[in-house]
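Sharing a structure below in structure tokens format, with a few things to ask.
So that you can tell them apart, the chains are marked A, B and C in the order they are listed, and the count of residues begins at 1 in each.
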């Protein structure tokens, strides 16, 4: 005889103790107090941030959820951010190679591109500081879902959100659209460079 | 190709910044000299890179530790690394969207690490040359004779037969790193001359497709049964139940048990073992492998993420 | 972390999947300027060397003048060298040997016992006594 084992678990909303299962209302809430999956207004700043680039609502919501939220029970943005950051790094390196051709005599460039710029100088553009600032400027801060970290990791969480949007556009609409997204949204609309400029000046 | 990089004009304005961060030493390789080197011509034809100028290929073969007085491949190799890791990651993320991110990272490493790329360099017939400038001078060779070889300084030097001196620092490198670095640099020169779409094709044909990695061997599960039940709960499936499917010689010294793991009517996996527990665990591992190694037909499948237990 | 990534031991690089890189990278043709056994080799080098090298640009050809019998040596990407002595052979015979060196994969010659040798897992799987119908199962 096959039987299915079941357990009866009761939760108390008022009490929190180790080993006691929490009610979903306790942990499915964002730092701003919004219940997952959010109100109709939750996705509005993200949609404004995306502009012409259309993503499905569940995918936008996934970009806003950090792995720490609700113990990984709902779709989160870890892998989208992973591929997004790789794409951003590639795009920054490509741009620097094209823009830096005047820094070298022509016979030292390769097909008119300068590949000899130190990587630290390029990676500054896509660093967590810069991306987290973009996330704040886009007003995405209150719509993020994450568990408040013990150490201050909020800038990395914000940067992951921006990376995740790049990754989501890449997986949903292909690399041409993703490059256009980086150009149109991050560079033009959100002025990545004016954010990065003070950092450039500091390190130059 | 994409239109001219508009907003990146900012970087052009920062040309003094880019100039300050540009590091290059040595003199340029002349195309007329590089074209006449038979090794480079042979390499061009062997890899079907006839459209890549010989001077770019010759430069890709000069490591940062080389004693030749030519420009080296340090920057190219760094750029090639960025290209390779992006394309390898995208390939596997589309092919196996459910792989956990650290497994994915590890898988990409299996394809783009220096030892892996050094195997490609060997397959491409790249020949290393680690002689010092004095050694070359004594055998009556000039710098141009060193072109077409992978030129580098080895960190292991044989002082006298049987005694090796291992050096450290940035002036020396290992053969593996030099070989891997030149593959990265060749990928970057392909990008510089052919553009983004064709370099993707090159990476996929020459680096990713030839290598065969057994993906069932790449993952180890520490708590498979628990992970499976959390996964079933998250996906809204019935909790997994293990059932014995077949057995033989329960009371003998060589017992065999075949267990299956089921969620409702659905069979998730099956495993065989010499004890009931082993069979049950193997069944759960089999089910989890089936979940994580799922490969969809569409390219825009976005995964929710691995299970957290 | 419940799933761990472990290093793969036997990852195989399969030449010919995706792209094929010609395994023979260098051929050295050795001849003697004086010896009678090099007569055919000398004639071959005088009349056909340019055509031979132009036909296979992916192979680097070296010509070496050294005393002794004439020799063709091929170097392969797996590190193997194959040497054939072509003493007293006429140009046609030498060309045959050269083609053999050129087209070789660099592996040791062996007899293949099966029509297909693959690194892939069998599609059909291994027969298992536990997966036949219950009434046909062997009982201990």
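Operating definition for what follows: a residue touches a chain if its C-beta (ideal position, glycine included) is under 8 Å from a C-beta of that chain, and two chains touch if they have at least 3 such contacts.
This structure is a prediction, so every number in the text was calculated from the model and none was measured.
Colleague: Using only Cα atoms to place each chain's centre, name the chain farthest from chain A.
Modeller: Between chain A and the rest, the longest centre separation is with C.
Colleague: Given the two chain pairs A-B and B-C, which is bridged by the higher number of C-beta pairs in contact?
Modeller: Looking at contacts between chains, A-B has the larger number.
Colleague: Whole-Å distance, chain A centre to chain C centre, using C-alpha means?
Modeller: Roughly 50 Å, centre to centre.
Colleague: Taking the mean of the CA coordinates per chain, how far is chain B from chain C in Å?
Modeller: 26
Colleague: Which residues belonging to chain B are in contact with no fewer than two other chains?
Modeller: Residue numbers touching two or more other chains: 105, 306-307.
Colleague: Which parts of chain A, given as residue numbers and ranges, touch two or more other chains?
Modeller: None at all.
Colleague: Give the list of chain A residues in touch with chain B in this complex.
Modeller: Interface residues on chain A, with respect to chain B: 2, 4-5, 59, 62, 67, 71-76, 78-80, 82-83, 86-87, 89-90, 93-100, 102-105, 107-108, 110-111, 113-121, 168, 170-172, 175-176, 179-180, 183, 187-188, 192-193, 197, 200, 204.
Colleague: In the complex, go through chain C and note every residue touching chain B.
Modeller: Counting only chain C, the residues touching chain B are 1-19, 21-22, 25-26, 57-61, 77-79, 119, 128-131, 137, 140.
Colleague: Which of the residues in chain B end up touching chain C in this complex?
Modeller: Spelled out, the residues of chain B in touch with chain C are 38-39, 41-42, 44-48, 100, 102-103, 105-107, 110, 116, 119-120, 122-125, 127, 204-206, 208-214, 217-224, 226-227, 245-246, 248-249, 252, 256, 258, 272, 288, 292, 306-307, 309.
Colleague: Which of the residues in chain B end up touching chain A in this complex?
Modeller: Of all residues in chain B, those touching chain A are 2, 5-12, 14-24, 28, 56, 59, 71, 74-76, 78-79, 82-83, 85-86, 89-90, 93-94, 97, 101, 104-105, 188-189, 192-193, 196, 234, 238-239, 241, 243, 299-300, 302-308.
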